[in-house]
Amino acid sequence: MRNAFYRATRLRSVTLVAAIALVAGLNVLPARAQNVVKIGEIEAQTGALNTYGWMSAQGMRMAVDEINKAGGFEVAGKKYKLQLINPDTQGNPQQALIHLKQMLEQDHVKYVFGPFLTNVYKGIEPYATGFDGKFLLMGGATAIHFDLGKPHHGYLMRTWNWDAGPSGFGSLMVANLKKRGAKRVAMLMQNDAFGHVARDIYAPLFKTAGIAFDEEWFEPGTTDFSSVLAKIAAWKPDYVFPGYTDAVLYDIVRQATEIGLTKFWLVRGSLGPGLKNKDALDDYIIYIPKYFEEAQNSEPKVKKFIADYKAFYKTDFPYDQAPLCSSSCYDHVYMLVDAMKKAGTVDDVAKVKQTLMSTIYHGLWNIRYDQTGEEVFNFDVVDIKKGGKIEVTHINPK
Amino acid sequence: MKSSLLWLPLFAVPLVLHNDVVLTILVFTFILGILAVSFNLIFGYTGQLSLFHAAAFGIGAYATELAMAHLGVSFWIGMMIAVLVVLTISLLVGTICFRFKLKEFYFAIVTFAFSEMARLVILNWNSFTNGSLGINLTAKPSIWLPGGAIAIEGTRIWYYLSLVVLILTVTVCARVVHSWMGRCFAAIRLNDELADTLGIDVFRYKLISFLIGNAGAAVAGAFYAFYLGYIEPAYLSIDQSLAIVAMVLLGGRDTVAGPVIGALVLTALPHVINFSAETRILVYGLILVFTILVMPKGITGAIARLARAV
Amino acid sequence: MLQLVVGQLLNGVIIGTLYGIVALGVTLTFGITGIVNFALGAFMAIGAYTGWYLTDVVGIAYPVAVPLAVLVAALFGLLADQTLFRFTRNNLINGLIVSIGLISVIQSVLLMVWTTTPKNMHYVLPGVINLDLFIVPKMKGVVFLVLLVVILATYAALTRTWAGRAAYAYAQAPEAAKLMGVRTELLQTGVVVYSTALAGLGGALYASLYSLEVSMGASYILKGVEAAILAGIGSVMGSLVGGIVLGVTEAIGSIFFPQAYRDAYGLVFLVLILLFRPSGLFVRGR
C-alpha cells in the first residue's frame, strides 16, 4: 500500500516534469534561414468572433505567397523573402498573449498585424507596451484608437477607419441622413464594447445635427427582436440604426419590416440582409469598405485579386467577407514591403514607421495614415432601395 | 507530506529553462491551478457541483482592481477586500442554496443562475465596471522583503509568486481535507441525508466548503487579472465555469493537487497542438464526456492505477 | 401602449411554445431517465441546420424537410443514448456533465461542416396577418399551431395509449413497472429519442423564422429547463404553460425594462421557484 503510494507520487512528479519538458521542447525552434523578414499576425481565425480575423489571414497568406513567388523583395541591395507567422488566437486574450510572447521573444518578429478584437488587444497591450520601439503592432481593434499617440505607444498603428475625428466619416453620414429629411433615429445595438463606442460617437453627432436619438441595447446572441422593435416602432423613428453583424441584421431587418419599420441607416455588414428583404424595405444604407460585386467590373486590381483568390484557395470568392480585407490584410503586407524598400531598412522600426506614415499606398484601397497613426481609406456607401435598386457612392476621404 | 517533495523540481525550472513562453504558460497553469484546486474542494470533496466558481473568480478580479482604483490601496489589501466581497456574496448564495436544501442538479442550476446574474450586472454597470470594454490594469503589485520592495514584474517573479501561492492553496486545502472538516465533507459527498442523520450539520459544512472554495477562486482571480493585465465580463461566463470543471475532471477529483495537471493540459494544449477553435471545442466536449464515462478518476487516478498494477 | 402590450402578449405566447417544446423534452427525459439532457439545445441546432440544409441547399419542399430533420435529430439522439446516456441513468451530475460535453461535440461538428457564417432560410411563408391591434407574421402563427398540436398530441398519447400509461407507471414506480412487464430500457431509450425529436422539430421550425448560428440552442435549453422547473418536472401540459408564462414575461418585460435584461427574468423565476416551491406550480408538492 505504501509502496504504491510512493510509486504513484513519483509517477505523478515524473508526469508533471515530462509534461513541462514536452511543452518546452515543442517551443524550441530550429535555426532561422538568412535574409528572411518575419511578419506576425495575431488574429482570431476560428471561433465565434472570427469574421475579421479569418479574412485578414486569408489575404495575408496570399500576399506573402505572391511576394515570395515573385522572388522576394530588395532592400538596400539585399534580397529578402517574407515569413508569415500567424497563430490562431481563437479570440482568447490569454492565448494571444502567449502567442505574442513567442513572436517577439523567440521569433524576433518586428512587424505584427492584428488584432481586430478589442478584448484580445487589451489583453496583449500591457505586454506590448514593454516592447515599444522594438516592433510595430498594426491592428484594427476599436480600443487601439484610444491608445494611439499616448506615451510609450509609438509601436501602435490602427488599420481601420474611424467614424469620428477630422477624417472620420461619421459626421458625413449624419449630414447625409439629415439631407434625406430624417428627424428621428432609433439605434438598436449589441450591448458590447463596439456598440458602446458607436453610441458614444453618434449620440453627440445626432444632437448637433438636431436629430432625435433613441437607444436600445440587446445581448449578442438574441434572435427575436419583436418586443424591442415594437417598442421602437411606437417611438416612430424615421430610420433604424441597427447592430453591426450579418447574423443580427438578417433577423432585425426581417422582423422590423414585418411591423412597418422600413428604413435602415449605417448598416455595417454585407448587402445580404438588405437584398433578402428588398421588397419590404424602403432604404437600406450600408457603410462598406468596398462593394466588391461592382468593383470587380470597374477596378482591374480588384478583378485580379478575386481571380488570384479563387486560384489560391480553390474555392468561391467570399464577397460578403471580402470587404474585411481592408484591415491588416493583403494591401498592408505590400504597403509594409514598399515602406521597407523606401526606408532602405528591414530592422529600423522607427524609420519604417515614419515611411509608412508619410506614404499613400494604392492597392485594392487607397491607404494612408493620419498624424496619430490611424488609417484613412476610401470606402463605399451602398444604398439599397425598395425593389433592390442599388446606388453606390464612393467616398475618398481627404 | 512526502508528496511535497513533488514541488521542489518546479522551483528549479526557471533556473534551467530560460524560455519565457514556457514559463508564461506555467504561470497561467499555476494561477488556474489555484482556481481548479479550490473548486475541487467544493466539487470533488464535498460533492457539490457549483457553477458559481467563475463568478467568484471574476468578482475577485474586479473587486481587487476596483478597490485599488477607488480606495487607493495596494494589491494585497485589494485582494483581501476582494476575498471579503466574494465571501459575503458566497455566504448569501450559499445560505440560500443550502438552507433550502437544494440538491445536486438544482444546486448546479441555481448557482449558474446567480453566476449569470452577476455577469449581467458587471456587464451592464458601465459606470463602475466599464462593462464589456473591460478594465486594463496598469498598477503592478509589489512585495515587501527585508531588502526593500520588489515590483512583481517579469515572468520569473510571477512564476515564483504564483507557484508559492499555489502551494499555499494546496497545503490549506490538504489540511482542511485531512481534518475533521474534511471527513464531514466526505460524508456529505457520499450521502448527505445519511450524514444528516449521523448528526453532521450538513448545512454548515456545505457552506464552509463553498466559502473556502470561492475564497480560493477570488485569490486566483486577483492574480490572474494582474498577470494578464486585463479584466472583462467573460471571466464570469459559463464557459469559464465549464473549463474549470473540465480541468478538475481531467486532472482527477480524488487528490488535492490533481486538478493542477488538468490546468496544465488545458492551458498548454492550444500551444502544443495547433488546432482550430472548432477542434478545441470538440476536445473540451470529449474530455467532459470521456472522463465521466471512462476515466472518472482523471489523469492522477489513471496514474495511480498504473502504479498499483506495475 | 395597449397595442404594444397585447401584441407582445401574443408574441410571448408564440415564443413560449418554442420554450414549451424544449421544456417537454426536458420533463420527459427527467421523469423517465432521471437526468436532465442539457444537450437538447444542441439537438435543436441539429434540427435547425438540417432543416435549412434540406430546404435551401438540397431543395426539398419545407413541409417535407421538417419531418426529415426531425428524423435526423432523433437518429443522433439514439446514437447519443446508446453511447452516452445509457451509462448515466438516474445520475444527475454525471448526466449533466456528459450532456454538456455532448453540446460541445455537436457544436464543433456543426461548425466544421457549416462554419460560423450565419444561415438564413428563404422565406417559406412571408407576410403578416394584420389585425388592428397587432401584427403576427404568418410563419410564426404556423409554428405556433404545429408546436401546440404536437404538445397536445404528446399529452394525449401519454394518457391514452398503453405505451404512454406505461411511461407514467414507470415514472412513478420503476420497479413495479418493470415487474408488470414494462420494457424499461426500451422505454428509456424511446423517451430520450422522442425528446431529441421534439427538440429537432423545434429547431426545424425555428429555422423558418430566424437566422441560424451554431450556439442557437443555448438559450433555449436554459429557458426550457426554467420552464420545466417552473411548471414542475413531470407535468406535460405544465411544460407548455411554463413556456408560455416565461415567453410572455420576457416579451412584456422587454417593453418596460431594457431588452438587455431579457434573459434575467427566467433566471429570477428559476431561483424563486426552486426556493419557495421546488415541485413547481402545477405538480403537487413532495
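Order of writing sets the labels: A, B and C. Residues in every chain begin at 1.
In this text, a residue touches a chain if its C-beta (ideal position, glycine included) is under 8 Å from a C-beta of that chain, and two chains touch if they have at least 3 such contacts.
Just so it is clear, the structure is predicted and the values come from calculations on it, not from any experiment.
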Category of the chain touch graph - line, ring, star, complete, other: complete
Relative to subunit C, chain with the most remote C-alpha centre: A
Higher-contact pair (C-beta pairs counted), B-C versus A-C: B-C
Between subunit B and subunit C, centroid-to-centroid distance (C-alpha), Å: 33
Whole-Å gap separating subunit A and subunit C, where each centre is the average of the chain's CA atoms: 37
For subunit A, residues contacting two or more additional chains: 47, 50, 191
Interface hub residues of subunit C, defined as touching at least two other chains: 258, 260, 263
Per-residue multi-chain contacts in subunit B, two or more chains: 124, 278
Subunit C contact footprint on subunit B (complex, rising order): 49, 96, 100, 102, 104-106, 108-110, 113-114, 116-117, 120, 124, 242, 245, 249, 278-279, 281-282, 284-290, 292-293
List of subunit A residues in touch with subunit B within their complex: 4, 6-9, 11-13, 15-17, 19-20, 22-24, 26-28, 44-47, 50, 87-88, 90-95, 97-99, 101-102, 105-106, 118-119, 122-123, 125-127, 143, 191-193, 195-197
Residues on subunit A engaged by subunit C in the complex (per definition of touch): 47-48, 50-51, 191, 216-219, 221-228, 230-231, 234, 246-247, 250-251, 254-255, 258-260, 272, 276
Partner subunit A, residues of subunit B touching it in the complex: 2-3, 5-6, 9-10, 13, 17, 19-22, 24-26, 28, 123-124, 126, 131-134, 136-138, 228-230, 232, 234, 261, 264-265, 267-268, 270-272, 274, 276-278, 280, 299-300, 303-304, 306-308, 310
Of subunit C, residues touching subunit A in the complex: 1, 3-4, 7-8, 11-12, 15, 116-118, 120, 123, 128, 135, 137, 210-211, 213, 215-216, 218-219, 250-252, 254-255, 258-260, 262-263
